[in-house]
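Two complexes are shown next, each including subunit A; its partner changes from subunit B in the first to subunit C in the second.
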Partner chain A sequence: MDELMEILQELRPDVDFENETALITDGVLDSFDIVALVGELNDAFDIEIKPNNLVPDNFNSAKAMMALIEQLQDE
Partner chain B sequence: METSVLNRLDRTAAAYHDKVMFKDEHGEITFGAFDALTKSVGTYLAKKIPAGQPVAVMSGRHILTPSCFLGAVRAGCFYAPMDGDMPTTRLNQILSVIQSKYMLVDKAHLETAQSLDFDGEIIVFEDIMNTEADEALLEARAATLTCTSPLYVIFTSGSTGVPKGVITAHQSLMCYIDSVAKVLSIDDTDVFGNQSPLDYIAAVRDIYFPVTFGASTYIIPKNEFAVPTTLFETLNREKITALCWSVAGVELPAKLGAFDVAKPEYLKKLCFSGSVMPCKYLKIWQDNLPDVLYVNQYGPTEATASCTYYVVKEKVNDDTVLPIGKPYDNYRVTLLNEDNTPTPDGETGEICVSGPILALGYYGNHEQSDKVFMQNPLNDKYRELIYKTGDLGSFDKDGVLHFHGRKDRQIKHLGHRIELGEIEETAKKINGVTDCCSLYYKDKATLYLFYTGNATSKDIVLYFRQNMPAFMVPRKLINLEALPTLPNGKTDMQTLKGYFK
Partner chain C sequence: MIFNITYTSLNFIFFVLATMLVYFLFPVKKYRWTVLLAASMFFYAVAGYKFAAFILFTTLSTYLIGLWIDRVSKNSKKLLKNKKGEWDREQKKNYKNKIKIQKRLIMTLALLLNFGILAFLKYYNFFAGSLNGVLGSFGIHFSAPTLELFLPLGISFYTFQSMGYIVDVYREKTEAQKNPLKLLLFVSFFPQIVQGPISIYDQLANQLFEGHDFDFTRMKHGMELILWGFFKKLVIADRAVIAINTVTASYDSYNTFGGTTLTFTILLYAVQLYADFSGGIDISRGVAQIFGIDMIDNFKRPYFSKSINEYWRRWHISLGGWLKNYLFYPIAMSNVFLNASKKMKNTRFGKTAAGAHVSKVLPTSVASLIVFLVVGVWHGASWKYVAFGLWNGVIIMLSILLQPLFDGAVDKLKIKRTNPLFVLFQMVRTFLVVLVGYVFDVAPSFKQGLKTIALFFTDQSVSRGIAEINTLGLRYRDYLVVLIGTVIVFVASVIQERHADTDVRTLLDKKPFILRFLLLYFGLMIVLVFGIYGSGYNAADFVYMQF
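Here is the complex of A and B:
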């Protein structure tokens, strides 16, 4: 989780990732943030985020992202 | 000959009265209802404002926004669209240039509007949308327009730190729309999928193809570009036939593997512009949709959106570099050397544009206007303005134009035009930034800022987020003891490029 928070903070230091739960639904993260984020997460956690994973529910909060990462690491 | 875009709206509103003109995720509006709205807004404004005035418009990404634009035009005025999601500082800069006495906003943006440095009157769209149309007044206002009257002022990055307002006339926009429509064979059966923000130059196609030809436009929710799994499903549900997107927008679904989920079944035409297309992504589109017409467009806002086009007939490879092609109808391209002599075919010169599509200059800024809109140095017999784009190009033996980058420090990032100088001017305003240099790493589409001083990268990003549009926020910040210099004292950018990774 720490590693994820570090990546998120570097990407968008202006966002409160601890508490935000509608990052996508409310448009806090835009498409270009997502493109950058997907690349960084793939590299950092050695996973491959697929188009099917790119739904708002998986990216609306840091917690949801962590769950997705763990799920992909288990596969 | 048409005098204004209102001639077009009158025609399509009558011919397609009950057809859907604009649609978004919340609703739709017919040509008839749209036309009525423009007349309500126009009547209200005409009773307040003399003709020929700018009207700032701040309205969201929805079907009513284009009726605010055209409503201002019905009043004999011109509109300056503003994106309410931009930081206050940016919006204030735009207002300080446009100096409009009236700002038209939708209810959702009223609070933002009230927080700005604006001493004029704020008009809320929802409050005036039922104004009874005064046909005689509107007719009188329409008669004040000529085809060279300004239609809109759209803002773009300026190297001095203040955005420049590019003024486009009715005839320029109409010339452009008709020329592109010819290449793309646009008619009333086309349904466009709008990607561009409505205040941005690229949206003129999505707005004026309906106004001109009776086509329809679906305004795609911004969220769908963030998580493009549903993007192609939306294109299919709305039976979208044509897309005029930024290169960044075309790249995105290909990059994120959207074709693994669905394919746009109804798509016939895809026109892209804004920056150089990386062909490894275009190849993915071509592999999946081989029968679509692909058109590469090139051109600056100052020449009304685009000036040349190239129909991609060949199958591209990862390393194909697309030409920018031939000038549209009513556009003329001349290449000039530094000393204002003509550039021979095959050699590289500055791309200069002339024709009725030239902007009327930068709003309230003669000095900047005169620098780039100037008498054609090859013509000493009569007045002929050319616009010097600052882009470099060469003609091949077939008269096809090829693009070779910029002669200055302007870049294209995520479909937006940015002066690196403006990033630096902004960074220098931050406490703890002593000196800085901004560079663009094209391969990774990343904006870098190298700086000296004790500011943290968080300080800098926060300042940018609060004061600049999102696409102008540097992604990589590198703090140095001192910026490397060349023997002449200038910053050594080549050494800095060594930090790219």
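Here is the complex of A and C:
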């Protein structure tokens, strides 16, 4: 979780990732942020996020992202 | 067309009223969707009967291939479950990969078939013409025949929508629809068939299939939206387009106009395009709303955008969303793009501050450029549309790449990002960039587009402009109507912009009844009196028929 937080903070220092729960639904992160984020996450966690993982539910909060990462690591 | 049933015709109003009556009186709620299907078939038969075969083919191929992909997914899941404990990780992985390739091939078949038809009908003549030109310049006199091709009604929109569904089934975001008639309704739903919005299956389909009861508020809001759409379309757009058409009538006539008139025409075009397209979408969404169906909005006051990037998130939203989901993400997140970014990060350049930024945003910026090239080509088969796409794509690409530079400049100049003047500056700047893109939309050719931009700077003359603008087929009075109409749309947009969470119609509900009544009454009168109804229908005729 710490590693994820670090990546997120570096990507968008202006966003409160601890408490935000509608990052996608409210348009806090746009498609450009997402692509940059996917590249970082793939590298850091040795996973492969695919376009079909890009649903708001997976990226609306840091917690949801962590869940996705764990799910992909299991596969 | 057997008879006129365009969205702004009286026939269409009767058609919607009749459909409403049958829909809400239909006794079995579960089957009310069949009324919408029958209405959609009737609408398509009347408006584009010659080409019904095309939409039926797309529906049928989408239906069958959707089921096929779905079956492969489900069978593979079953098998994996059965082999649990029997297969090791490696075996599982290999099998999953095999299934993925198989599914991808089936999906590609659907995409090739359907985008193939669209591309052939839309671009064959452009390529045949270009090929003949190229061969001719080498002295080879071969001529690929040009064909008289017509585009079936709504082909772009229903093709995009059905292929989005196929990809969603492939991605297992949605299950394949088992009833072909339900899928046919999703593909051909009459309020959206002519010009969108391009809906996502998950968002729209269930709303179409569940039976809705009559609801007075929904009906009232739907009708208000339709009236607003009529106002934008008939009073503003259809009037402004007369002048624009005079300027762009032919290559030769376009060349006779001076820089002032062309500047005026581009501004008028910005008004006309927005009023026409967003007005049409309002009519579509209003009609759907009466039936209890919420279609996604296509416009969010795009001319108030502070960057081109934002503009494309607020203009033709459904197309933008489609391209983002099905083109931008797959390209930007492909291994090729992500690896290129990784490789660059490890070079000496990548270790510098600028290099780190560039390598990080490389996939996004190149993917954006490709998407905008597609947007350009989708607008039409001509080099000027390629220029239109590239202009927007390059600006976005540069703005991503140079972001740190701009941020640094703003900080250095100690400009507050929330300063209203700075925001206004950003909006005006964005609007100007949009206008340059429009030049290539309006000018008959790429070359004339470039020339037009030069004339903006070198050929401004008020007296010549006024003289020319008077010859464009609109009277002084008409320009005044367009101007007042634009101001009304502007004010409504500002109000909506300030109340992001509720729509203006809900705000209106809270006003006293008499005010609402007068507003709607005068709105209706304005549309009836000032609407442009084409030759053979003048406003007086139309008003008279109301009695």
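Things to note:
Basically, the second predicted complex is superposed on the first by the 75 of 75 C-alpha atoms of A that agree within 3 Å, B and C clash if a C-alpha of one lies under 4 Å from a C-alpha of the other, contacts with A are read in each partner's own complex, and residues count from 1 in each chain.
Going forward, a contact is a pair of C-beta atoms (placed from the backbone, for glycine too) under 8 Å apart; a residue touches a chain by one contact, two chains touch by 3 or more.
Everything numeric in this text was worked out from a predicted model, so none of it was measured.
Using the contact criterion defined above for the overlaid structures, shared-chain residue A:T25 touches subunit B, although it does not reach subunit C. After overlaying the two complexes on the shared chain, residue contacts for A:D74 are found with neither subunit B nor subunit C.
Residue contacts after overlaying the shared chain place A:D2 against neither subunit B nor subunit C. By the document's definition of touching, of the two partners only subunit C reaches A:D43; subunit B does not.
In the superposition on chain A, A:P51 makes contact with both subunit B and subunit C. Number of subunit A residues touched is higher for B, counting subunit B against subunit C. Touch criterion met: A:P13 reaches subunit B, while subunit C stays clear of it.
Once the two complexes are laid over each other on the shared chain, residue contacts for A:V35 go to subunit B and to subunit C alike. On subunit A, the surface touched by subunit B in one complex and the surface touched by subunit C in the other have residues 30-32, 34-36, 38, 50-52, 54-55 in common. Within the complex, the subunit A residues that touch subunit C are 30-32, 34-36, 38-39, 42-43, 49-52, 54-55. Put simply, subunit B touches subunit A in their complex at residues 222-223, 225-229, 248, 252, 255-258, 260-261, 414, 457-458, 461-462, 465-466, 470-471, 475. Contacts from subunit C toward subunit A in the complex involve residues 171-173, 309, 313, 324-325, 328-330, 332-333, 338, 341-342, 360-361, 363-364, 367, 400. Listed in rising order, the residues of subunit A touching subunit B in the complex are 9-10, 12-14, 24-25, 27, 29-36, 38, 50-52, 54-56, 59.
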